[in-house]
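First, the structure itself, so that you have it in front of you.
Chains: A, B, C and D, in written order; residue numbering restarts at 1 for each.
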Amino acid sequence: MRNTIVSLISIILGLVAGGILMLFIGSNPIEGYSYLLQGALKNLERIGNTLATATPLVFTGLSVAFAFRTGLFNIGASGQMLVGGLAATAVALTFDLSRPILLLVMVLAGLVAGALWAFIPGLLKAKFNVHEVVSTIMMNWIAYWTIYYIVPGYFKGEFLETESKKLAETDTLRAPFLTEMFDGSYINLGLFLAVIAVIIIAFIIDKTTLGFELKAVGFNRFAAEYAGMKVNRNIILSMLISGALAGVGGVALYTGNASSIQIGILPAQGYDGIAVALLGANHPVGVFFAAVLFGILYSGTGFMNAMTEIPPELANTIIAIIIYFAATSVMIERLLNKFKARKSNKEDKSGPVVEKGDS
Amino acid sequence: MSYVVEMLNIRKEFPGIVANDNVTLTLKKGEIHALLGENGAGKSTLMGVLFGMYQPERGLIKVDGKEVKITNPNVANRLGIGMVHQHFKLVENFTVTENIILGSEPLKGMVLDIDKAAKRIEELSKHYGLNVDPHAKIEDISVGMQQRVEILKMLYREAEVLILDEPTAVLTPAEIDELMKIMRNLIKEGKSIIIITHKLKEIKAVADRCTVIRRGKGIGTVNVAEASEASLAEMMVGRHVSFKVDKKESTPGEVVLKIDSLSVKNNRKVLGLKDFSLEVREGEIVGIAGVEGNGQTELVEAITGLRKAESGSVLIYGEEIIDLPIRQRNEKGISHIPEDRHKRGLVLDYTLQSNMVLQIYNKKPFSKNGLLNVPAMKSYAQNILTNFDVRSGEGTASIARTLSGGNQQKAIIGRELELDPKLLIAVQPTRGLDVGSIEYIHKRIIEHRDKGNAVLLISLELDEVLQLSDRIAIVNNGELVGEVNAAETDENEVGLMMAGVGKERSI
Amino acid sequence: MWSIIEQIFPYAIIFTIPLLITALGGLFSERSGIVNIALEGLMVIGAFSGALSIHYMSGVLDNHTLVLWLGLLAAVLAGMLFSILHAFASINLNANQIISGTAINLIATALTVFLARNITGSGNIRISSGFSPSNVPFLSDIPVIGDLFFTKTYPTTWFVLAILFVSSFILYKTRFGLRLRSCGEYPQAAEAAGINVRRVRYSGVLISGAFAGLGGALIIVTQSGEFTGTVAGLGFLALASLIFGQWKPLGVLAATFFFGFASTIANVSQVIPELAVIPPILLKIFPYVVTLIALVIFSKSSQAPKAVGETFDSGKR
Amino acid sequence: GSDEGNGDSDKKSDLKVGMVTDAGTIDDKSFNQGTWEGILKAEDEFGVKTKYLKPAGTTEAEYLKEIGNLYDAEYKFIVTPGFKFETAVFQAQDKYEDAKFVILDGNPHSGDYNPVVKDNTVAVFFAEHESGFLAGVAAALELKEGEAGFIGGMEIPAVQKFNWGFQQGLKYANENLDTNVTIKAENVVYQGSFDNAAAGGQIAAQFYDRGVDVIFTAAGGVGVGAINEAKNRAKAGENVWIVGVDVDQYEDGKYEGDKSVILTSAMKKLDQVSYDMVQAELDGKFPGGQTLIFDAKNDGIGLPEKNPNLSDETTSKVKEVYEQIKSEEIKVSAEQGDLFK
């Protein structure tokens, strides 16, 4: 509840700051934001696209949030997405399976690839105490270059030099019933996977002994060790789960929203995941809504640009400012506390008087 | 009558609690003034106010008769007030000199004048008999020496009023004697001292007067010479406290723990425990006496599984456990009250409820098929908190970090005893606790013994070891010096053995 | 092979310098106890303001070299100014430092392009020309060393190296250095010694802002000649170098030079027949893999400031 | 925008022209920028409204989304630069039947590479190889003797065609025009990105150090790095050159006042095309359903009008060659054949 309020206030402050920027360049913020919303939600197709945009963010947000909750900072979601996407693409391009089985194998391949990519930082952290921030950054670049050479080397499209061969429509997460329901938008089965992931992760964190252990290790590995938990195994496990989430995010992005994997790009969703996790207060359900908000911002911005003179870069600026406010949520909490204190001061105005009478 | 410091009617509130309520403390020039109170009574807070770390809501502070506003520690320093905190404030990888000059560094041009400072420290150290090497790194010196560095820090700043917050909690008996001597030296040089301690013996030994606070309220100030330990204790907790540990004769049964030729490496990768053998039986408390750093940590960690042993064996009821993981050892009935409650004992950011099931969250009824049963955890925790009188703001939902150290300790002990272990390893179980709590915890440990369990007690406080134990094993330099029957020995004998003077006696 | 090394060396140094100064900035921040993952964003800010001010001043002032130095100064100031955001969040508000840094990275990249577009009409800002490399008289004639260190050098290289040595001196020999380090190790101790921890940490973060800003602008005036809204991960690489270099000035020098050299090799490997036989993927991932290995080797004796990343709250025990 | 007082009726067109950028920014000094400048020129001259949108990524979904945004905002004349738009435009031309599409460097297809250009779409290709050929001839003529190199960005068709054309141009000059400017396999490289300026500089340095005199860069930001390296060397008195790409890069190569390291530029007149297409639409002559080739014949490629670094002799000789290409006397191949890379 508290976190929700803080997140909401950050969003509002970010939007206000963005509005000021719009005024600054001579545009009307109200008009701007209304076009932004229309762009994201005006019709079914747009809603579908917004949800599709949000889907990979749910995964990366969960990935970062889960790691956070267990005391780890996974900056490597981008790389994990890449290898996850690559694995799924490779499966789709290599095996000739019936659609349900193929999709299942693709998702599993992405999951395993992402997990393995995160396994290395996890292992280094557990065994050698290498800080995961650095190792995951390194793993991002290693993924970047691996994709850069493997895709053209083994999965090259006929005339495409910077991306893999396109997947057949039936080999992607796109489902005709969804596409039709949302008027030809890009929404795909990834969204369902995302919802399932949210539920599973929330469940693991709050309700299971596994979550209990992982969090304990995250907070105090010495106490966890003392209590008989396998600290190293838990750190690695935590990274594996976090990486698996990002890996499936890659599957959703490259075989759902897109139908090929591109080289030369570290997917921005990996870094956005940090912001999403933060805004969602590291809670799975919060992450989901934060991802949808980001989906709205990212997907509505084009229409806003088209209808007004507000440049595209502004949407990114607004998102960044929202995150800054979320990061400084302590300030917001303090303000809330002050507000509350003032209120309660007013309420028990009579308090000190009674005390005086008492003594 | 000239007072160097007068704290009059101090009131300090924290959210939801009045830590100091109308407390008055006056310090005469050249006296040692003890400040006594239960855990959480508000002693540290009161001294924090004097040292400028907290601003009181009400009340007056006078230094040398003049009213002052101590807005931060710098102001306190300038007024000649210095404080040694309960937890040392020393930068581990700095040298002694660097730590002492930090904040008031002598310069030669732009450069730090380390040599000059070191010389001055050397002089001060000699003058007060502190015996500190100015060039040693803090991480390399003993806790006792670290404390003397803290004292030097105040002297270097020419403090006239010295506040020592529980200085003896972490010291060995010898170091405590040393400290008492140093304090008397300081008084001779005209300094005045306020000392917080839970040990009444120490108050009797050095203090001139003693101010007692209970639950934030000042109870009064007495001349120590006119008070007895018992009367001080009663003032402090508001009821009679028994110092004598009442216990029946022990009736040792089967061997629970058998340690055979155990050797363990320490953090510096050399053998910290050498060829150590010991048995602990059902229904007895075996105490380990020894100066800190003589293999106790290595011993405990090797038994509990936190550290790998080099050679030798550890048997529980005749079964080898030396290669078992920690959890399996726990399941064999070992439980452990750790030395460092913040590092090992608690997940400070977890609620008490979670902390109370830290080892057994995965057992029935707290979990089933990998799912947590929160209500079961809660009622289990509530039971411990009630039994052991753990005071906290929000009961089982309190975050462990928010508890005072004493209450944290009680919670840990409650948790471990609730497991009803065959072997309880209690390391410094009462460190930093007030006498009331100590009495209670001692009682519970003896009860545990009387139920036919084995207890291995490791304590740096000789008194505690002597009172609680049935048998005492003395360690020195990682080796077993000898074993004595608690009933047949005294402080002197054990003290000698701790210093390495061997003595063979069969029991 | 030797001739290749000789040939590559000056370019490796050029690549190293922005990384070095940025990592050095990070060092001040982290030694004071504040993790600065915002280095990337601060570099972008520096690159932006450097390029922008050079772009404008070029029309006003005749002395091009002076313009370049003024541009660097502008970058330093802008970096400092922007780092206040990080300082405020992490020091005054006790925000999670990594998150605050991440937010600043995002703000920096978004805002600079936005501003560039609004101010100059283009998201990119090109400067007419940067510093020119030249050989150091006499020294460049020394065999071996001359070829490696004194040919094709930029004045900025010497400037940054000077900063490195001054920093090292400040860190270990002066009052400020002692206090800075104590705040990163055990701020409660520093506070008890009467040091204003917040102020010291502010200085640390501001210095990191200044240096990272400088680093960003150095890329413009020595390598790219153009602001394009990104520094392509160099800020993160600087952060990695800082850890790789174990938070010590000379360690950072070695680490950044390693990256400079490895990246340069990777960049030119395609066109060097001797190296072209190695699969390019191996060359590209070489610096990152080696860093991981190095971290494993050094991890046992990590020299990380103990309190880095922890919010400082005086009551904490 | 259009200013009212002008009175020129042409200036009040209500056509709204939109563009979606490809990977990279609108200021890429190349593809996006060239296309956009033509649109801006049309805005200036015909008073059309213009707008560009930058997609969040480079997937078909994102391209289509921005096309949809433009369409919903009544921008119904949409220009998309780059072969990456092929599948997006394929769908858009059906989905938005009352909109017009111009796709540069690509053919709409469904993913199977069977071009389907609907009546509301024009596909435009450039003969980059011819442009590269001319640059190669010009470089050879101007240098007479020496070595050349090539730095490409990513290995994509447009860049490859520049490369192959350039090599053919050098060969042609050596065989027919009495020059001796050679190119070695090791001096032909695709750096792998369009933005790594540092790598561009370092590779250029390698080339120059081993005797290359002129480098043809078709590499965006990588080329900028190479140009910087050339400038540094030129300032130090070395005689090194760069051949620019896409647009006239002469200004970018300037150092010490008026000198420039840009020998000439192999242009591909993107601006011309986008401008022409807008004009055709306004004139009611939109060549819907066609695939247009912009090559020497219709002056869609070529060298800049002014090449201060080329001698008159070179310029006139190049002109002759240009005419020969137009008349198909000289045929430039768009295939690799036995050329390097």
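Keep in mind that, in the parts below, a residue touches a chain if its C-beta (ideal position, glycine included) is under 8 Å from a C-beta of that chain, and two chains touch if they have at least 3 such contacts.
Small disclaimer: the values here were computed from a predicted structure and weren't measured.
J.: Which chains make contact with chain B and with chain C at once?
T.: A
J.: Which two chains meet at the most C-beta pairs?
T.: By number of C-beta pairs in contact, the leading chain pair is A-C.
J.: State, to the nearest whole Å, the distance from the C-alpha centre of chain A to the C-alpha centre of chain D.
T.: It comes to 38 Å between the two C-alpha centres.
J.: Hey, how far is the Cα centre of chain A from the one of chain B, in Å?
T.: 46
J.: Express in whole angstrom the distance between the two chain centres, defined as the mean CA positions of chain B and chain D.
T.: Once rounded, the distance between the two centres reads 77 Å.
J.: Which residues belonging to chain B are in contact with no fewer than two other chains?
T.: Where chain B is concerned, no single residue meets two or more other chains.
J.: If you look at chain C, which of its residues touch at least two other chains?
T.: 113, 123, 280, in rising order.
J.: Could you list which residues of chain D touch at least two other chains?
T.: 192
J.: Could you list each pair of chains that touch, in label order?
T.: Pairs of chains that touch one another: A-B, A-C, A-D, B-C, C-D.
J.: Tell me, which parts of chain A touch chain C in their complex?
T.: 21, 25, 73, 120, 124, 128-131, 133-135, 137-139, 141-142, 145-146, 148-150, 271, 274-275, 278, 311, 313-314, 316-317, 319-321, 323-324, 326-331, 334
J.: Where on chain B is chain A touching in the complex?
T.: 304, 306, 325-330, 336, 338, 343-350, 354, 358-359, 361-362, 367, 370-372
J.: What residues on chain A touch chain B, complex-wise?
T.: 207-213, 215-216, 219-220, 222-230
J.: Which stretch or stretches of chain D touch chain A in the complex?
T.: The contact residues of chain D facing chain A are 18, 23, 51, 53-61, 64-66, 68-70, 72-73, 75, 83-84, 87, 95, 111, 113, 154-157, 192-193.
J.: Can you list the residues on chain C that touch chain B in the complex?
T.: Contact set of chain C toward chain B: 173-175, 178-179, 181-182, 185-186, 188-195, 306, 314, 317.
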